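The two complexes that follow have chain A in common; it is paired with chain B in the first and with chain C in the second.
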Partner chain A sequence: MTEELTATEKPSDNPVLYVARPMATAARQFAKSLLRPSTIVYPYERLEDPKFREQVQVASGKPIGVGAVWDNYRGVHALNIATCISCNLCAFSCPDLCIEMVTVPGGDPKHAKKCPEIDYGKCSYCGFCSDACPEGCLTMTTRYELSTPKRSEMVYSPQKLYEVYRTKLPMNPIRLERPANEDSILLDPPLCIGCNACARDCPTQCITMLEIPKPTAKPGEKLPKRIWKEPVVNDSDCVRCGTCVSVCPKECLFWGSRR
Partner chain B sequence: MSNVTLYSISYDLSHAVVFAVGSLAYGSWRAAIDSNAVVTTIAVLVFAVILLAASMLNTIVLIWYERKLLGRFMDRRGAMHVGYAGLLQNFADGLKLFRKHTFAPREADDLGFYFGPTAYMVSSMLIFGILPISSGWNSGALPLSLLLALVIFSFAPLFIFVSAWSSNNKYSLMGGMRSAAQMIAYEVPLLLAVVAVVLVAGSFDLSTIVYEQQNYWFWGPLVVALVVFVAAMLAEMERIPFDLPEAEAELVEGWNTEYGGMLFAFFMLADYLRALVGSILVVLLFLGGWTLPTWVPSAATSFPLAGIFWFMVKTYIVFGLFVWVRASLPRVRTDQLLRVGWNRMIPLALLSVFLAALLVSARCLPVFGCVPSLGG
Partner chain C sequence: MSDIWINMGPQHPMTHGLWNLRVRIEGELIRDVDPEVGYLHRGIEKISEDRHYNEVVTLMDRTCYVAGLSWEHLYMLAAEQALHIDPPERAQYLRVLCDEFQRIGSHIMWYAAFVQDIGLMSPFLYGMRDRDLVLDLFQSYTGARMTYEYMRVGGVRNDLPPGFTHQARKVLDWLTDRFHEYDQLCLGSTIFHKRCDNLGVLSGKDAIAYGVTGPMLRSAGVKRDLRKDRPYAVYDRLEFDVAVADGADVTGRYLVRMEELRQSVRILRQVLDWLDHHPGPVLADRVPRWLGAPYAPVGQEGYLLKRRFPTGVGFSSVEEPHGEAQAYVVNQGGEHPYRVKFRSPVYSNVSAARQYLVGYHVADIPPIMGSVDVCVGEVDR
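Now for the complex of A and B:
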């Protein structure tokens, strides 16, 4: 603010004007806000109320929350538990490590269903988790009210996030334009022991263990002690979450291009 | 209802209580309890309690009033949450301060540290015993009540300085020094402005000054004195723009930096008590006290306690003026305050004294009685 003061803003040398001018300004302000001050009484009145539509400059047709002001607003997450595939990508992508995958009821006995639990005390609302979510079940809403007297209530369980989803607030799925991941899961066959860990933990069940023929042992050669099966990845179903790579005990799965 | 005075109410209350207690006793005990001395003593105590309660209640409502007015001046609402429109907010704040632990800094001088706020509070409360608020609603006809009120009013910088010095904090001490230094700048014009009023009214008794305003209020003939008095009163109350001793941008919180809890509440309450007294003095000296102009229909003045009602209305309007000034003007520097006090306000006050003497000796004061807008 290095601009020069205009003539009307210059303090006057005349002592009467020096007192009278600010008092006139204050009186004008008082008269203007006597009936209706610019502030709203927030917990009792909300900007979402249609009577403030002009104040927040939202076009009349749009629901408030996705209008001109809040178009890209990122608030509390909404989680659709039903479509979540427990891929863990949200927790992987979180820069604040505020997402923890916790078990929720509803998974099959072998494959426990895990959904994100978000600690809003740490969350920076970057939206990476929503961007990473392959199924679009974790989105960000316009809900902004998080204050609570207890710190433990800042941690939102999957069920609580599902309650947010059920309120049908305007969603803001973060979808960045970028080239699709062309890489696939590749296998280094000599290392594989056929342990089934990748197929067991794959959230989309796109890995199947196919039997391979047991080679006949040459004289003097000792066959490795293993199960004679190998994983085959169905590329069209794979969401490229990398769970299989991380669970593989022999590090025989890796990212690579088939070409 | 016109005969009801504050003293008659407290006397009746005391008499009823003493009679009820005395009817339970026997013989000589009853005679001792029912004696006139006991009734009078209790009546004086009841009188004091009524004054205390009324002034405290008014002070707290005054804080609310200032917060709401300031809010509107700043395009917001002020306190809204506790009670209707935040009316009970200050009671909640007071309760919080009451519950807080009061402690003194280790190096502070305990005697001065606790004596300062208490004496400041007490001296501010004392003035209420003197001020008349309606005809008959005062503690008695003191012939020099105006002087006494101003004397007690001027005690405050001493107590501020004592508490500031004993806080053993450099910011407190600076605030106390400023309070003492600024007193000299505004006391002289304040008293000179009062001299003009006294010349016209011919009395130091506040009730008499009000009765002298039956025909015209003094703000008409003494408008210069009114301006000087209000400006000097702003400095006397240490309100913005003359709140140098408490300049929170420079001195943390000025002379009450080290105070918390109930001691801070004492300072806060006493500040607003003094603001209330200042507004009341302006109303008594210049705006006709509890009287209304003659052209006002008599229905407005004939209901019970009408005098007190109109007196309070005037007082709150004058305090609103102080809030208006607070919302508009920035804090002045020390040298500016001294220059305003000595170079501008004292000549103006002397001019007002001269004008008052001229008006009285030329016997042209009744002219103002013919102007209906001047009240009376």
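Now for the complex of A and C:
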């Protein structure tokens, strides 16, 4: 050992001492715990109470201030339905497949608005969904009490998640920045038929269909039967949800680097 | 008197988890032992093949439930090697911060469980109380107390909250005093020495032959610590000593772990000083999109393979609180790892049970197995 044992750490052959010394340590701890208990009386006191957060001073040894629920605790989600753009990214990024996109009232009649419904029986509170959310409308709160007598109540509908949002609990303040060299949506022009499916389903409306010149057919050549338009993706508005790639009937949109 | 086989486990206070120790006894004397593991097998290696590179961290926290961040670090080192990504310097320091706080948390947890095995109740409560401070610190910057999901390929998820280093230093000061009390309660008592000296002896030669690593190996006087021998992250820039004890018995393992707690505090003070003065990014900016939080949706695998992302193989080994853990990740260009393999240190430590249990009495099994620090989640994976 690098450190020599001090006198109180050395065992004693005196039977009185070898019982008395550890007992003295325990008695000291007991006295300290009477002055300032290490536990809280849970249903009456709560970790999110301001007194656990504000007391940063050391009272009787135990550093307080740790011991509180911090703002970036990953508890029950809060969903702001108004800003949700139905991009599906939360459901795609969930490792436990506990998020399902369900239709909520609102949105234009052609495209139903879909918001996440979370099954807390499966959720592992990893926070990948709130990291993925491009609009910051799905966040995690400090709420941790989930017990319920019914299994069906573990499934939180978008409306129930919105109620959590309205309680104004502290939200997870951490926002991830998008990677600098993020891939873009690229087009394979010969395959495109100009069907407008990508622009129609894009949640941010960042795809516009631009007209392309119709080539003049040479004698004997047959032009492909298509609409002479091509999608152009606005990279700064794109949230990289990949909806356009999934709906493309000809698989002509794909991920790639512009560089 | 004839021999009989008895089962200690799968439900037994000695096991600290779900495993079974079959013991052949003659009276009170142990003649043979046969450890049986596998009750907690979840197929983490196979599940990893179906997850994106980042999503595997959710499994790593559940591999060893008292040292989740060490396992996250282990996997990330291998994955980054396979994907050719370098994490920024500050992220590496943050990972060392995680590792060492995790070592403190794990060793205090071991102390609490071990003293209860030898019949002490008060130190158990002290240990559990003090470990909570470490868990609270984890919660303040990772967002959870046990399942952290903090590390990402190419760095860590977020930076420290303001005021963290101040709190962390206060916790370290407080814990340093407690380590002194732990020693008073155990080493200061002759009863402890009568119970634990020359018990469960595993010589250094046997330990190396069985692949036993970690505090069990170092208690036999073998100076082997991956943080010194094969430095990863930024351990080569930090000053610390390798804790070694002689005797190769239960007391030796206690001494090694207590010394490691003090060395971890020493490392952490250096890391906190560095973090105070060197702000910077915590996530590499050259991370491919398909590793980020939003993933390429269904039907993208073909394109990703077509683009020919660089393939690679990653191997990493980390000095985990229980011993040397190793990971092997094969990247064949897709968005999931092709193969992931983990080496658990406790698996080897438990496999050598015949060497350090035979010849002792049945009542010696709890302290000896307690000194091994079994974490079944990691053995069975």
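Following the convention adopted for this analysis, the second predicted complex is superposed on the first by the 179 of 259 C-alpha atoms of A that agree within 3 Å, B and C clash if a C-alpha of one lies under 4 Å from a C-alpha of the other, contacts with A are read in each partner's own complex, and residues count from 1 in each chain.
Assume a contact is a pair of C-beta atoms (placed from the backbone, for glycine too) under 8 Å apart; a residue touches a chain by one contact, two chains touch by 3 or more.
Note that the structure is a prediction, hence the values are computed from the model and not measured.
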Review point. When the two structures are laid over each other on chain A, which of chain B and chain C touches more residues of chain A?
Key: C
**Study point:** Which of chain B and chain C A:D108 touches, first, second, both or neither
**Key:** neither
Check your understanding: Who does A:S124 touch here: chain B (first), chain C (second), both, or neither?
Key -> second
Review point. Between chain B (first) and chain C (second), which, if any, makes contact with A:K32: first, second, both or neither?
Key: first
Practice item. Using the touch definition from the top, say if A:P22 reaches chain B (first), chain C (second), both or neither. Key: both
Check your understanding: A:E221 contacts which: chain B (first), chain C (second), both, neither?
Key -> neither
Check your understanding: Which chain A residues lie in the overlap of the chain B contact set and the chain C contact set?
Key -> 15, 19, 22, 25-26, 29, 38
Review point. In their shared complex, at which residues does chain A touch chain C?
Key: 1-3, 5-6, 8-13, 15, 18-19, 21-22, 25-26, 29, 38, 56, 58, 61-63, 65-70, 72-74, 88-89, 92-93, 95-96, 124-128, 131-132, 134, 140, 172, 174, 176-183, 239-243, 245-246, 254-256
**Study point:** Residues of chain B that touch chain A when the two form their complex
**Key:** 69, 71-77, 80, 324-325, 327-330, 344
Exercise for review: State the interface residues of chain A toward chain B in the complex, per the touch definition above.
Suggested key: 15, 19, 22-23, 25-27, 29-30, 32-34, 37-39, 41
Exercise for review: Would you pull the chain C residues touching chain A in the complex into a rising list?
Suggested key: 51, 54-55, 57-58, 122, 126, 129, 132-133, 136-137, 139-141, 143-144, 147, 149, 157-158, 161, 167, 170-171, 174, 177, 180-181, 183-185, 187-193, 241, 243, 245, 255, 259, 262, 283, 285-290, 292-300, 303-304, 307
